[in-house]
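Given below, in the form of structure tokens, are the structures.
You will see subunit A twice below: alongside subunit B first, and alongside subunit C after that.
Right after this comes the complex of A and B.
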């Protein structure tokens, strides 16, 4: 197969270094992080800034987890069409260690000032209407799971596993470029075999610890799956943007064909439906059972204590239509999946709406004196944007820094020939 | 009794031969013609100028029908024909109608897709004039054919024959209907 690959007229040398783009991304990242840090100091609601930062970190970590899961799924099913895009996923995985560094401030705050980010860490935190966290029997029963040591240990384990699995995938793939040995393919398949369950468990627990525990009274068996759907959907959207970018730059000319975009677009479509299925199921089961322990989570996102509706109801509607109906109907069309100018806006839209979904899951934990959620349209959105730019800038920088270190595509992958001639 | 003419058939030996011949027939403006090959040839649809199928539109129509059927069925049975309160829920809500609606969307989409495909491709077809041509069985083995039908507005026995010959077709024969 390597002879086949070698005969294909593609740029087999490392592509030109996008160093200046990487520097730009780093500047944007540093500026976003600096502004967020200033926000913590100057804002009257530092807790709100911390929540906004949690949105930013969770958002980009989710996308990076999505890249990891896509790479693992690619290997476990021995996929062929995605070989040409797999290398870009591997480059993106370089972001994990930086995401860990960016998560550290949250951990440090958790220790220095319990309750500053996750309210349940402060046992003296007042629960609206019924005592404190420490005296709450529902917390006491969950304290074996929800405590600072477990939280810290688990978070370190998540990042440790993600960085380690990513390093294995990258090493095997990059090494194969040099020697073409098929053993690297088998190594990646083994990594995928244990990496997938590890990935599924870690992303589920990460979603539970980082996001769901904000309202620790609540439970939903769909939460990990909901998070996974967003992870992969975000990662696929970024993948499509990378494909379009590399095509526009010229690197992917002769590598990418219409069918690669079609396959990627189909997956974006599939995960649109999957996300809707999971999110609807979560809502529907809670709506149908109508148990107060579960419904309060949605009530907070719809009603104030006096029965008036709050802004989150409309955010929920935006998510219903913007996260599902719009992309679903738009992506039904073949052309909208393969024409560059038509697929670009929808994946950017999806990336935006995933951010809104993260806000919907995290920000309503910020409450006023009546226990009502603070509105969506508030100054916190500014801190969400600085955090997203900050963490995103660092992720893009990590990707672009890894990008010139290897060949554009895994030229000696056993399935590269199939991938280059991918057809419907 | 002289049989009705069906069209002309030409034989090709290799994939590139029939691919380029198809391009020439396409560029000559023919519409009622087809290629018979023993294997799928990627890109042949483009060389033939075949547009994307309209089956997806039929599927969409089926899906919309299914969704509306589900919603209206749940509304009609539970909130109109025989009003029934279940589990303290409203007589009708799109929430509990959604699972049924979406199942019916899938079901009707599948029916419309399968039905639309059979409607458009005319299968099952028990007889086709090329079956009278003895060599056609090699179209399942090692040879490829282009058939141009006589009902094509551009069909002209001499000119079409010349076109097929010029495109590299061998063994050009007239087919009876």
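Right after this comes the complex of A and C.
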């Protein structure tokens, strides 16, 4: 790859439509969703399938939130190097409305069959050795927040805000391609100014409602920060894959240079450290205090009721090494950030390990008659894969559908010159 | 605000598509030359000591005497002269320690992180921010060192092998603080000193030319033989980058450990998982607050408007706004989770903070740390330096109160209502803390007088004329 973008011609026109790729993504998405739907109907553990579906939806929503946050941060700090990548983030934001549609089945289940996904929604849900949710004093204290109406209203609000903020960002950016007016840059800065606090609050409460409340006895003030770290890290990894794909297609030739990949790789590295910092702090403070009302969440992910270790302990170890040590050590190298064949595997690995992290946070809520978490390597993993493929296929399709609708890069962005000549 | 006409070289295609035009602000205004920058910064040191400096120095020395008096009285009498009593046995000492160490962390954090992020605007503020760090760490160290009571035993904190069969409690974050802060202090001094080398050499040469042999010798001694050769610059750049790389995780770890002082406990209001990043955000917030407090008067007195431009003030205000909002997020999350966690003690602690006997302190904290920075949304406020300076004072006040609220409210009313109390500081504590501002000011005034307050070499590198592409198309 060249180190300077000396000649740029492709951005003048909209890129060729990747229609066949979009169709393939849609087929994969539809197949994954169909298989998951079949699983709900035919599986003896429909609850497990639904939880797996929650993993899939949360995983891709997290990545899309990450794209949104990156776009907002880009505008608020008046960044330059990332201008040539920003358009791809904007295309990805088209997935929000489809993610909302894909979240609807969970909401429908929440209303038609309370407790099917989130146990606290069913007041008659049996707590192992502690009566039912309805008689649980801890639930009663939280009922003002954890109730179906609030859950539904907040979820609608989350998606409403994400779709609205995304639409504003896309509209202004695309419009600037046509008229080159700097007012669109200012509009996006304003959107970023209010969008960032809104994004922080919505992603925090989405993480609390969708994931943390699965074990509603448990609490941690760090949870929103942990979710944010995964969101951005996932989005950056997808961004690198998109950069490599567009380079391979020829679209990014003359646009992208080594330094863009290096900067993106540095951000992946930084968020690797940030994720580890946040996750370690949460774990360490809970482990050190050793208060049962907090430690039970981690104990569930390590021990069975008889004191034997379960599979989740090893998943935890996988996360410790795979989420931090492997990418941290690997990405220390300059070459591993810029050589296509070297950076590709690590971002794919990171995307995989984020999925494992989501599973670690969601799936242990599935328990046997003793209250022990069902093993990680079980039939549920199949439904996780179908769900991830299904929701992911739709997201990729939404991205590819938006992709040919405008120019490859924001060619009239005031910082485009700095971005095209990005150097260390 | 001035703007660069051609900040970067542009690919030919952009002449065809005509992108929107939004020039970046220049970092040195009025097209100042290299020699002007040298004269301006060196002139502060070389010129006659201004009267205001002597006035401020004398006042600062007088104020510092309060600390000297306070700790002298403490050492000669005992720690009982502080206002500590059950249930609050940890109050202004640790509050003041965290306050100063927060400011101390922020300086290097600002400088190192902005360096790694290639934020060129840092050049106008980084030297003073780093100096601020070192002086603040000195002030911070006073409190734990003298809190041990018999200060001549303070060395027990260090695990000197087998000395008197003392075995330090390595499980205590306070012991971690000893290692973390001392390591941090050392690296901060190195970071600051390495950055000073080229400028010390400049001063050496200028004093030599002016015939002042003593000052030439002293600056030359500390310039370590700097001659500005290509090899020197190459080594310098690498050393500076490495130190920035070391400083960044170190400074994050230090303030994280300071947050662990509280978060590892089981006390309601202290044991919360968000403390580490929340403390780090608070440190950056208070650091920028203090940098604004210090730099704005300097800018006015020495007429440094071309070097500390409105753009610099804008950037600092915006970071203060962002970090203040992050701190606000952490306050809100603590409050929410205190309710959501449904632990009655935790819930009570936060209600007690907001509506209990220390409510006045809590609302000062909220007003200063969450509401005050919101004024920085408005350009008119950011462009009014008096207003910015006043708001920066509020930020400093608010960050002191944050530590007071966290520490004292949780201790004053813990699990047993029968042991509740109300803490008030003694006169000795007030004097000791008040005096630290004098200690800090004395050191900072000496810094202004004898060392270049801005990195001249780095400033020259960010002027428009230093840009090799300036005014030319890319080729």
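The criterion applied here is as follows: the second predicted complex is superposed on the first by the 413 of 424 C-alpha atoms of A that agree within 3 Å, B and C clash if a C-alpha of one lies under 4 Å from a C-alpha of the other, contacts with A are read in each partner's own complex, and residues count from 1 in each chain.
Criterion: contacts are C-beta pairs under 8 Å (C-beta built on N, C-alpha and C of every residue); 3 or more make two chains touch, one makes a residue touch a chain.
Given the structure is predicted, the values throughout are model-derived calculations rather than measurements.
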Where does A:332 make contact in the superposed view: on subunit B (first), on subunit C (second), on both, or on neither?
first
Per the overlay, which chain contacts more subunit A residues, subunit B or subunit C?
C
Determine, under the contact definition given at the top, whether A:267 touches first (subunit B), second (subunit C), both, or neither.
neither
For A:197, is the partner it touches subunit B (first), subunit C (second), both, or none of the two (neither)?
second
So in the superposed three-chain picture, is A:288 touching just subunit B, just subunit C, both, or none of them (first/second/both/neither)?
both
Which superposed partner A:395 touches (first subunit B, second subunit C, both, neither):
neither
Which holds for A:362: it touches subunit B only (first), subunit C only (second), both, or neither?
neither
Where on subunit A do the contacts from subunit B and from subunit C line up?
288
Could you pull out which subunit C residues touch subunit A in their complex?
7-14, 16-22, 249, 252, 256, 260, 263-266, 271-277, 325, 329-330, 333-334, 337, 340-343, 377, 474
Residue numbers on subunit B that touch subunit A, as the complex places them:
42, 52, 56, 60, 87-89, 95-96, 98-99
Which part of subunit A faces subunit B closely enough to touch in the complex?
280, 283-284, 287-288, 290, 332, 334, 423
In their shared complex, at which residues does subunit A touch subunit C?
4-9, 11-12, 137-138, 141-142, 145, 176, 180-182, 184-185, 193, 197, 200-201, 204, 208, 219-222, 224-225, 273, 277-278, 281-282, 285-286, 288-289, 291, 293, 411-418, 420-421
